[in-house]
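All chains are identified by letter, namely A, B, C and D, in their written order; residue positions are counted from 1 within each chain.
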Amino acid sequence: MVFSPFLFIFINMKFSFKNDYAEGCHPRILEALSATNLVQQNGYGLDDYCLNAEHLIQKKINNPRAKVHFVSGGTQANLIVISAFLRPHESVVSPATGHIFTNESGAIEATGHKVHAVETEDGKIRPEDIRKVIDVHQNKPHQVKQKLVYISNSTEVGTIYSKKELIDLYQFCQENNLFLFVDGARLGHALKAETNDLTLEDFGKYTDAFYWGGTKNGALIGEAIVINNEDLQGEFGFHLKQKGAMLAKGRLLGIQFQELLKDDLYFDLANLANQKAMKIKKSFQEIGCHFLSETFTNQIFPILNNSQIEKLSENFDFYVWKKIDEDKSAVRIITSWATSDEIVEKLIAEISSLRNS
Amino acid sequence: MVFSPFLFIFINMKFSFKNDYAEGCHPRILEALSATNLVQQNGYGLDDYCLNAEHLIQKKINNPRAKVHFVSGGTQANLIVISAFLRPHESVVSPATGHIFTNESGAIEATGHKVHAVETEDGKIRPEDIRKVIDVHQNKPHQVKQKLVYISNSTEVGTIYSKKELIDLYQFCQENNLFLFVDGARLGHALKAETNDLTLEDFGKYTDAFYWGGTKNGALIGEAIVINNEDLQGEFGFHLKQKGAMLAKGRLLGIQFQELLKDDLYFDLANLANQKAMKIKKSFQEIGCHFLSETFTNQIFPILNNSQIEKLSENFDFYVWKKIDEDKSAVRIITSWATSDEIVEKLIAEISSLRNS
Amino acid sequence: MVFSPFLFIFINMKFSFKNDYAEGCHPRILEALSATNLVQQNGYGLDDYCLNAEHLIQKKINNPRAKVHFVSGGTQANLIVISAFLRPHESVVSPATGHIFTNESGAIEATGHKVHAVETEDGKIRPEDIRKVIDVHQNKPHQVKQKLVYISNSTEVGTIYSKKELIDLYQFCQENNLFLFVDGARLGHALKAETNDLTLEDFGKYTDAFYWGGTKNGALIGEAIVINNEDLQGEFGFHLKQKGAMLAKGRLLGIQFQELLKDDLYFDLANLANQKAMKIKKSFQEIGCHFLSETFTNQIFPILNNSQIEKLSENFDFYVWKKIDEDKSAVRIITSWATSDEIVEKLIAEISSLRNS
Amino acid sequence: MVFSPFLFIFINMKFSFKNDYAEGCHPRILEALSATNLVQQNGYGLDDYCLNAEHLIQKKINNPRAKVHFVSGGTQANLIVISAFLRPHESVVSPATGHIFTNESGAIEATGHKVHAVETEDGKIRPEDIRKVIDVHQNKPHQVKQKLVYISNSTEVGTIYSKKELIDLYQFCQENNLFLFVDGARLGHALKAETNDLTLEDFGKYTDAFYWGGTKNGALIGEAIVINNEDLQGEFGFHLKQKGAMLAKGRLLGIQFQELLKDDLYFDLANLANQKAMKIKKSFQEIGCHFLSETFTNQIFPILNNSQIEKLSENFDFYVWKKIDEDKSAVRIITSWATSDEIVEKLIAEISSLRNS
């Protein structure tokens, strides 16, 4: 059997809480791929599955005029949206923790645009933060012109925006001739957080565009770019093609989103991931842990001392996220729909044993 | 059953010979995805499947020092390779029919590089063609510096390079300080053509880099960039990331290439596609057709009169490729591993009936 | 005296007819620089001289709503205009002889845009040429979108557009949603050609933008970008700054254009250059020469045999432009306002002696 | 007299201490332009003046292998050097006050490269600052690779680097595979500061490249890019041409640098500017002013209260640089070789009268 060498290796591997893309996809995705496999379809995103998935999204966000394009990854979605929306002299305002600023190897700058980073406590940006950036860039045309605000929900540190926060941001953007673009790599986890009061319709209404993440919530690959602002919809296909994002078999993306969205599968999976993270969070709380940020999504950032970290990493893999002092660091534990109850129980047992470490 | 509306639509659709990516993937790909689905793996192409697939490729091309990177599509492969290899003032020489010149929406220029197009009869470029481009660009630094030669095999018009032609090109490139990069979107079809005398080893030896296409030969998505020239291998991951090509679940690509290459599946599929095209070609020859180019791969370009085209398009979909005169045009018929014998027989029957049209 | 070593060298040098920028500037320019030298002014093109020169241009082209920006060179003008006007997926149509296509080291592509080259006999492009480019780029969004037409007047081969030709081009552009941009590096020479029927007002009316060349007609440096299309005027300063074109002492450009345009100096200088070229042309005609193109500006392209070329180059410098056959080549002779009558007479005497060579 | 309308306007204008480029150029520059005006020369920087000026620079920095290229402005110098030196995934580290980060309208990002800003008190960057940037960018290839350190001397806040500081930076760069590039827009002012211990030879020895500013110290336009690192010298002309920086009449730049450098004119002018600034500084000190930064060059940043600012601006123009609190701001006073003693005396008289405002 061809995979045995690999399987053998895995038997002795630690379970990884490092990310939410360590496994393949939800089994229903594979079934859908099988069921449609030999049906002939148009290429390049003009297949029936993509069209149907677009329709499902339009309905869910209650914006029948939104345009939807499916791409294979988040960095790709970000760089295409931003380079398509901006003219050469326009720039982006992002939290300093924003994925585009820290973790995309200069992808936005490579398309020619400056990213202004705003330092924030909780990974979220507010109108007054943007105002400050604009205020120190009044020496035009010697300084770039701010034109787009980039936020993530949930953020890179697991926090979420409230409805009021999103509306405030959108209104500020509208008043200041800025576009608001939301990176929704973990949109499902944000919307299923117990503290969330945003709805999908809010994303159809209070953003110029957002992308709806598949990769980190059940899909093999795939993110859906949703453009609400009709002025920004035109000729978007050219940008997809030019940046190498237009898959010949676009069906691969359409089928997955169709499957995830035709019922509540997408949100059920996000909910599963969140609940597991919350269970684990509770066990850290029970041993008296503090956290780097207060999260209700699938990412938690408990602060542990060095011996606790060492002990926990004997059987589990996770990132040491941020050094707090010589003795303590925050670690990141992240769950997904694929994290089994059994593994969660094992981890919780181990956490409980850390109490006096 | 959720897909019934779509299936219903297809019942009345014509069979498409428009491209070789109208279906999903070979069933063994889906089986491999299922078999590995819940195995945890590293992200971003550092999974065991990618590593194993790289190893398989190194062995097949007989170059253990080659580096392999998997990406999701051909335009993406082309733009990343070219922008990673070149400095800002360097340019590309390509046949005028080259995919990068005609069908990638300016993707190469968008990374800052000029593409020089060479007109050729058969989609192939020869040393003397490149020499001419260099000769008229001697007014340095007022003119760009040619640095990379791009060819496709099989070409966009279905033709293939002979071993002598590839070696001649490579030697010319070596002597003139040029890189040779081969677009192998249909590499399998080229190597399985009855007139072919090239081997995989030749691609490991007589190119600086090439990409090995999956999408058009059995994969859901995926192309393997293979870099032979060790001077060009360094830090390639940055370019993948920056251009949005580094999939979180890189495993999706590794699993497919592993499955296609662990035995002869990849070449069996290409062979199937070629044989079907050759059968169809023969039936066109029998009714006295001429062809736009002489091909032995999965693309044929018969020249038909208008009434023949009209008749044939009643039941089949294909592209009218090039107008020859008021009465006649060349059409493109393209087959894939998924084209059934039954459909081929149907098409041949129809072609036979065109004799006196 | 500090320059003596250099002056000494020049005593034995041949006179150069290689280009029209071998000398400094018209003496009135130096006088104007001296006269204004210690007047304090705003930086970055907001000085009174630039504002006044803009006003002079608006009046001369009869378009008070045109916006004018001064830059230091032609390649800079071209790359800034084109990159400011186009979105990422849009391309340029140019004659194959166009400066942007052949002699700017890929400057336009370096800003991300493809340039389509149209082969023409006389360096001029016509609506049907553009139509053909558009016709073979209908496979959207897989092919770039043509958006701007670039022409030069006078052209790189010394020819000029007639009024009808310019109006036809502009109307075609208007009907096809294209911008028309004219490279006027030698605009003065074009307008002073004896066969010319275009006026400055035509450039204010039948172009979206053009640049008016100073360097090749009396200025030390400087080209004036003139934007007629009001939709394209906005925020242009950002593009100037971002591309490094905004001089701190923009006055240097404003003073020169003010001096050249406040009376007829600019056109007097162009006229001088043209007349000298026409005199030389006549002497070539008298010995029975043919020409590569029929020109009435300051560039002529006589076809000489090899021994004639050799003889002529004993005392004069010029480019051998294009090989015609083994025995003959076209050479380029170019004059400027600074070419003295004495030198012209010397050259003519030499040409006359070539009759039987 | 043609300029009278403008001269009339200036009679009532305030004297400007806003920048050091409000006037034209030193009279010797104009004389040199006149003296050489009709000498024919090669275009594009291959004239004798550029070659001689390069030679003068090589001698002054004691590096005969340095390559020198003249361009028209500082932003242009910065963007060409940086884009020529870096590969697409490489980034720049700069002080947050660096011209490239704050005042070039995204010029560096427009060439595709990220600029990391380091907050510093005094506009200077130190090895430990760079170390911190590198330390938080270890997640390769998801984060860009730092490759070039950009500093200015004198800095944008008027401070200067000591010899030890420059050598420390260079050694750190050498050890960490980074290039060190110095923006010398005000290099003369730095080297003539009374606290300076750096020499020109140090710039030939302890930098990979720097540019030597003309515009802000006596030239009409012009900066000299000096490349010491021989690995970075190759094919630089292509980059100049591609970015629109190669002037047809490159002589304009060569003549000016030749004139400024053939004796001590350049440094005499910088010295004059510095002395005037120091005089003014002293008068501010005498009325008890504090300063934003401690400077010994031609820029001073006294902190004044609002009524003092208002009073001073009745007769003089200058920038209010930074608000300190509701009552006080730092202003910037900048002098040049062209600032007359008379004006300085007038300003000092006014400053003295501010004592009790």
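Observations on the model:
Please note the rule applied: a residue touches a chain if its C-beta (ideal position, glycine included) is under 8 Å from a C-beta of that chain, and two chains touch if they have at least 3 such contacts.
Here is each chain with its UniProt name: A, B, C, D = L-threonine aldolase.
Treat the numbers as computed from the prediction; the structure is a model and nothing was measured.
In terms of the distance between Cα centroids, chain B is separated most widely from D.
Centre-to-centre separation between chain C and chain D, using Cα means, comes to 33 Å. Spacing of chain A relative to chain C, judged by their CA centroids, is 52 angstrom. Distance from the chain B centre to the chain C centre is 43 Å, each centre being the mean of its Cα atoms. Looking at chain D, residues 88-89, 104-106, 110, 112, 141-142, 144, 238, 241-242, 246 sit in touch with two or more other chains. Taken as a graph of touching chains, this assembly is complete, with every chain in contact with every other.
Considering their complex, residues 88-89, 91, 102-106, 109-115, 139, 141-144 of chain D touch chain A.
Contacts from chain B toward chain A in the complex involve residues 2-3, 6-7, 9-10, 13, 15-16, 19, 21-25, 27, 30, 33-43, 48-49, 52, 71-80, 104-107, 110, 215-216, 220-221, 238, 241-249, 251-252, 262, 338.
Looking at the complex, you find that chain D touches chain B at residues 44, 83-84, 87-89, 112, 140-142, 144-145, 235, 237-242, 246.
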